[in-house]
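Each of the two complexes below includes chain A, the first together with chain B, the second together with chain C.
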Partner chain A sequence: MSRIADRKVADPGLANGVASLTPEKIEKVVNQVLKGETGAKLKVYQETCMRCGLCSQGCHFYMSHDFDPSYSPVNKATETMYELMNKKGKVTPDQIYLMAQMAFTECNLCKRCAHYCPIGIDTGYIMSMVRRICYMLDVVPQYIRDTSHSHASTMNQMWVKDDEWIDSLQWQEDEARDEFPDLRIPLDKEGADVYYSVIAPEPKFRTQLIYQAAAIMHAAGVDYTMPSEPGWDNSDMCMFVGDYENMGRLKRAHFESAQKLRVKRIVMGECGHAFRSVYDMGNRWLGYKNSPVPIVHAIEFYWELIQQGKIKITHKYEKPVTIQDPCNVMRGRGLMDKLREVVHFLCEEVVEMIPNREHNYCCCAGGGVINCGPPFKNTRMEGNRIKAEQLKATGVHDVVIPCHNCHGGLEDIIGYYDLGMHGKFIGDIIYELMEKPEL
Partner chain B sequence: MTEFYVFVSGPLAWIAWGFFIIGSIYRLVSMYALAKAKDGSSLAYMSLPYSLRSILNWLIPFNTMGWKSDPLMTVATFLFHIGFLLVAVFLGAHAVLWDTAFGISIPSLPGGFGDAVSFVVIAACAVFAYRRLALPHVKGVTRPKDWFSLILVALPFVTGVLAYHQVGPVLLMTTLHVLAGELLLALIPFTRLSHALFALLTRSYMGSEFGAVRHAKDW
Partner chain C sequence: MGISKWDWETGQKTVVESLSPIEGHGWQEEPYVSPDGETVAAIVQVDEGVFSVRTNDTVWENTFDKIWGLKFSPDGRLTAICQQDMEWVLVVDGEPMGETTDYIWETKFSEDGSVIATMYKGMERYGVCVDGEPWEELFENVNQYTLSADGAHAAGVAQVQSLGQADIEGFKKGIYTVVVDGVRWPNKYLNVWGPAFDATGEHVAAQVRPSVHAYTIAVDDKPWAATYGQVWEPIFHPKDGSVVAPVRVAGKWGVAKDGNILWEPRYAQCLYLQYGKPGNKLWAVVAPSYGEFTVACDNAAWDVTFPVVTDLVVSPDGTRAAAIGNEDNTNFRIVVDGKAWDGVYDMAWPATFCPGGKNVAAMVEKDGKRIILVNGKPFERSFDMAWPPIFSEDGAKVLIRAIENNSYVRIVADVARF
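For the complex of A and B:
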């Protein structure tokens, strides 16, 4: 069994945070979170976990490291949260460093292990509470911390300025009008059927996705709008950092910007974690059982458009594809059948990865792990060999990936393991195949 | 010795039952109060149909990812839990006790069968112990607490079988057996074995969360 101490990764965010810790401060903060924010759920998990190890094979980290028990879900919970609970917060700053590294970079909060635990223990929840404690101690990997600072100060993930956001939309609108002469990206249109929301990396460096979405909306004749004011970014790294106060601020801004425009519903782009933040974590923090504005994920939205015959394609995608099931919309929202119907509508041949649907392996980028940046890239690469094997076994070259995080994660894995594959959003494929005006 | 046996199987038995029942109620009630105070955002999603869906699916051997992943454990744990309930409640000798102590008459296992089931349960405990000693992913997270509850569970079976087969002084063995059974009963609410109280609830919560919020299977 390897030990987390032997694979300590240097990170300024973790190191600087730990440097200003004292045992007293740790004890105080740990108990403050345990008493103030956790309750019966965590207590029962710790007590009834039978230490049977059945969850181990659920975790891609464990599978990818030749069954190294150090990476099993129960061990990660034991070395972090259970240790904090047993010792009542009496641990050393260096231990906090290692716990933070484990919680932030060796667990994707993907909850795949939930399918393996007979008791019903949610290791993802346990690890997110470890992150919460580390955040309260100011021990957070530097890259993701910067991202959450961006959220806190600009209300978007990428330090995008308010005017740049509008500029990007208008730029894409302008570009798209070459191809679709009367296309619009309507800003702040009150009462629209659809409020289209994206994550900040789209205007920042994946603007073609906005272009494509506008083209699809246009071709399908959807009455939609995009907001010009903060609240437009549906992403939420504060959720993964453990900064729940700002997670709540972000979600409130997002919901309220939709409510202000009196739209019928929010449609969000092909992102997984953003979806988690509105149906699972952010809404609960704000006290909503379900999100206060109806929200659908792009998969479901495209599925509806296809059902209604509003997406017309010239031909099917000829090359065989496989499908990546993003945890947050499969295990998170059960969109596996709709995803398959969409992909089968668009593509001639689908070769499934095994296992698939809600039993898919995580991309290892999720849960904010990719956002912890370059210092932890190898953690993700070595930690997801199983995904590389899964991808390779399909023998295809194109992967349909309806999630931003999965895209980043899989592209890295494809490169690292030299798989010669390429990821595509559903929007990429629809755009490629759709009927376009003759010019 | 006989006096001691009378004490153990009389007053002490009532004390053990008292610990078990009052302890269980206390643990469940106080945990529920804590959940109401702190876990509103989880309790809100509890759903009976989804709880039952989850429990039923996990009651089928090899039906879940977890059960499929470790066949030896799956067979052992099903045999153990079913065997435990059968023996503890329906063993011939125990059925007599239900009748004399509470005046309830229940059906009982045929003698040979009860004996066989007891051996199966002991074998399952041996599998649990083997896993804790030999499998790195179990060994690494095993603490004295886990051994304690395993021994606690195995003791009444071992002593019961010895008494039944009249190995060693019968009265002593029977007394030890009754003591072991009572110790187990009394400590269920306060050890890992408290999962007998909570496991259905944690399962129900996971089932509700996956069914109602996540629209996915939790198995």
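For the complex of A and C:
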């Protein structure tokens, strides 16, 4: 069995944070969080865990490291949260470094392991609380911390300035009018049925996704709008950092932006973690039991449009594809059937990854792990050999991936393991196949 | 033109007979109406890549490559953000206001509409542009700007220190502050949110993050001594200059006044603080328990609760309030003085009190039709489209601006008719 100390990775965010810690400060913060922000759930998890290890095979890290128990969910909980609980916060700064590295980079909070635990222990929750403690100790990996700073400052994750957002939409509208002459991306249209929200990488470097979404909305005749003011980014690295205070601020901006425009619902692009933020965590921190404005993930939205006959394609995608099931909208929302119905509508042949649906392996990018940046890329690559094997076994070249993080994660895996495959958003395929006006 | 000078003669006027696009126009976008209801306007495509603005049955002479952000000022001027030859300018009633620049957005007005402002970007520097004049000093970034009630002052949050890529330690030293009329506060903070003026426009309060885990309110750059787990938007008392803000302590929300707890933290949420003009009562939207929202006055919550409450409106004398309750964006109710009006709707807009505070009006939507309500009773017919109602100065009449049968109509109705 390896140990986390054997694979310590240098990161300025972790190193600088730990440098200012004292045992007294650690003890104080740990106990503050344990007492003030956790409750019976965490205690029950600790006291009822039998250390049976059945969760182990739920973890792609464990599976990818030849069943090394160090990567088992139960071990991760034991070496971090249970240690903090047992010692009542009396641990060293060096231990905090390693706990932070484990919590931020060796657990994607994907919750797959919870399906394998005979008593349903949610290790994703446990590791989230370890992250929360590390955030309160100011020990967070550099790159994801920077992203959370962007969120707090601009209400989006990539330091996109207010004008750059609007300009990106107008640029894509202009581009799209070459193909669809009367297409609009309606800004601030009060009373629209749909508020379409995206994540900041779209205006920053995946602008084709905005173009494609606008084309699909246009062709389907959807009454939609996009806001000109902050709140447009549904993503949330504050959530994964453990900065719940600004997670709440972000979600307020998002929901209030939609409420102000009097829309019926928010449709979000193909992003998994953002769904978790708006549907589960951010909304609840604000005191809402549900989302104050209904949230519809792109998978479900495309499924609706297909059911209503509003998406018309000229032909099916001919090459065989496989499907990546994003954790947050499978285990978090149960969209596995709708995803398949959408993909089967669009594609001639689907070769399933095994296991799949709610048992699919995580992409290893989610939970903010890819956002921890270059220092931890190898952690992700070596930690998801099982996904590479899963992908390779399908024998196909195209992977339908309805999630931004999964895209980044799988493209990295595909390159690292030289799989010769390529990821596609559902929007990529719909746009490619949809009927377009003859000019 | 002041509200008292509008046409308040009871009756209906068809302002525009047909709202169909004018012949030759490629398309016509969604309509906007002037506060007095005399003008309806829309962006129109007059030729491929050529845009203008239709007002009633005429079209601005000037055309542009792109137009967005159509807004009427409170005094009835029509503004639009227009691009020509890759440069942007605010156009007011068809004429450019000020010089063109790289980008403008977020048009705002003084309360009476006499002052018009936008955000401004020129040569990659940011500021506010007031009546066509940008601030003398511009910054690396400015956002969240606001105007004082009389429009004499503008404030925003400025980035006053450059930040290298992923420079998290630099961020923690503070790179943001408030800038008022182009002049920055001396202190820097990790974050600053939502600067707000007092009634005189001489003082500014904002939410600040002085250190990684601390949040508080700064008034004219002086942070309160106390810090909190989180804070929301501060407001000034309309008369005595004190400042209140929602604050989070040990996971519960309350209200602090000038750095001291005013409402003991006991709520699952507390936001949207408001005073009436006399400042006699303090109102807020609160969640007395998880998932149950309502309105509180001086820390006393209404009995009625909803999963979501928005759009708190306080009567001018500060003694009454209205809000919108809903069930996760469905089943909207108008709630006044703690009681929900009878109707349940698909959408609702903020209620409005008449100047005397006696009558309350609101617009709602049901089955695709807009309905105007006064004191909970609907106008005699509903509309394909409408805008929120406006009371006359004496509160005896209400102005309805609506579209029916493809015509834009202006109706002045006696409140007694409801």
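Note that the second predicted complex is superposed on the first by the 439 of 439 C-alpha atoms of A that agree within 3 Å, B and C clash if a C-alpha of one lies under 4 Å from a C-alpha of the other, contacts with A are read in each partner's own complex, and residues count from 1 in each chain.
Definition applied: a contact is a pair of C-beta atoms (placed from the backbone, for glycine too) under 8 Å apart; a residue touches a chain by one contact, two chains touch by 3 or more.
As the structure is a computational prediction, the values presented were derived from the model and not from experiment.
Novice: If you stack the two complexes on chain A, which partner ends up touching A:354: first (chain B), second (chain C), both, or neither?
Specialist: Neither partner.
Novice: For A:248, select first, second, both or neither according to whether it touches chain B, chain C, the two together, or no partner.
Specialist: Touch partner of A:248: chain C, not chain B.
Novice: Report for A:19: first if it touches chain B alone, second if chain C alone, otherwise both or neither.
Specialist: In the superposed model, A:19 contacts neither chain B nor chain C.
Novice: What is the contact status of A:393 with respect to chain B (first) and chain C (second): first, second, both, or neither?
Specialist: Neither chain B nor chain C is touched by A:393.
Novice: Should A:289 be classified as contacting the first partner (chain B), the second (chain C), both, or neither?
Specialist: both
Novice: When the two structures are overlaid on chain A, which partner does A:163 contact: first (chain B), second (chain C), both, or neither?
Specialist: It touches chain C, and chain B stays clear.
Novice: If you lay the two complexes on top of each other, which residues of chain A touch chain B in one and chain C in the other?
Specialist: 37, 287, 289
Novice: Can you list the residues on chain A that touch chain B in the complex?
Specialist: Residues 1, 37-41, 43-45, 47-48, 50-58, 62, 67, 69-70, 72, 74-75, 78, 114-122, 279-280, 284-285, 287, 289, 330-336, 358-359.
Novice: Please give the residue numbers of chain B that touch chain A in the complex, ascending.
Specialist: 31-32, 34-35, 37-39, 41-42, 44-45, 54, 58, 64-67, 69-70, 73, 77, 131, 135-143, 146, 192, 194-195, 198-199, 201-207, 209-210, 213-219
Novice: So in the complex, the part of chain A that touches chain C is made up of which residues?
Specialist: That would be residues 12-13, 16, 36-37, 136, 138, 142-143, 145-146, 149, 152-154, 161-163, 166-167, 170, 174, 181-182, 184, 186-189, 191, 228-230, 245, 248-249, 252, 259, 262, 264-265, 286-294, 373 of chain A.
Novice: Would you tell me which residues of chain C are touching chain A in their complex?
Specialist: 26-27, 29-30, 45, 48, 66, 68-69, 103, 105-106, 119, 121, 126, 141, 143, 159, 165-169, 171, 176, 190-191, 193, 209, 212-213, 215, 229-230, 248, 250-251, 268-269, 271, 287, 290-291, 293, 307-308, 310, 328-330, 346-347, 349, 365
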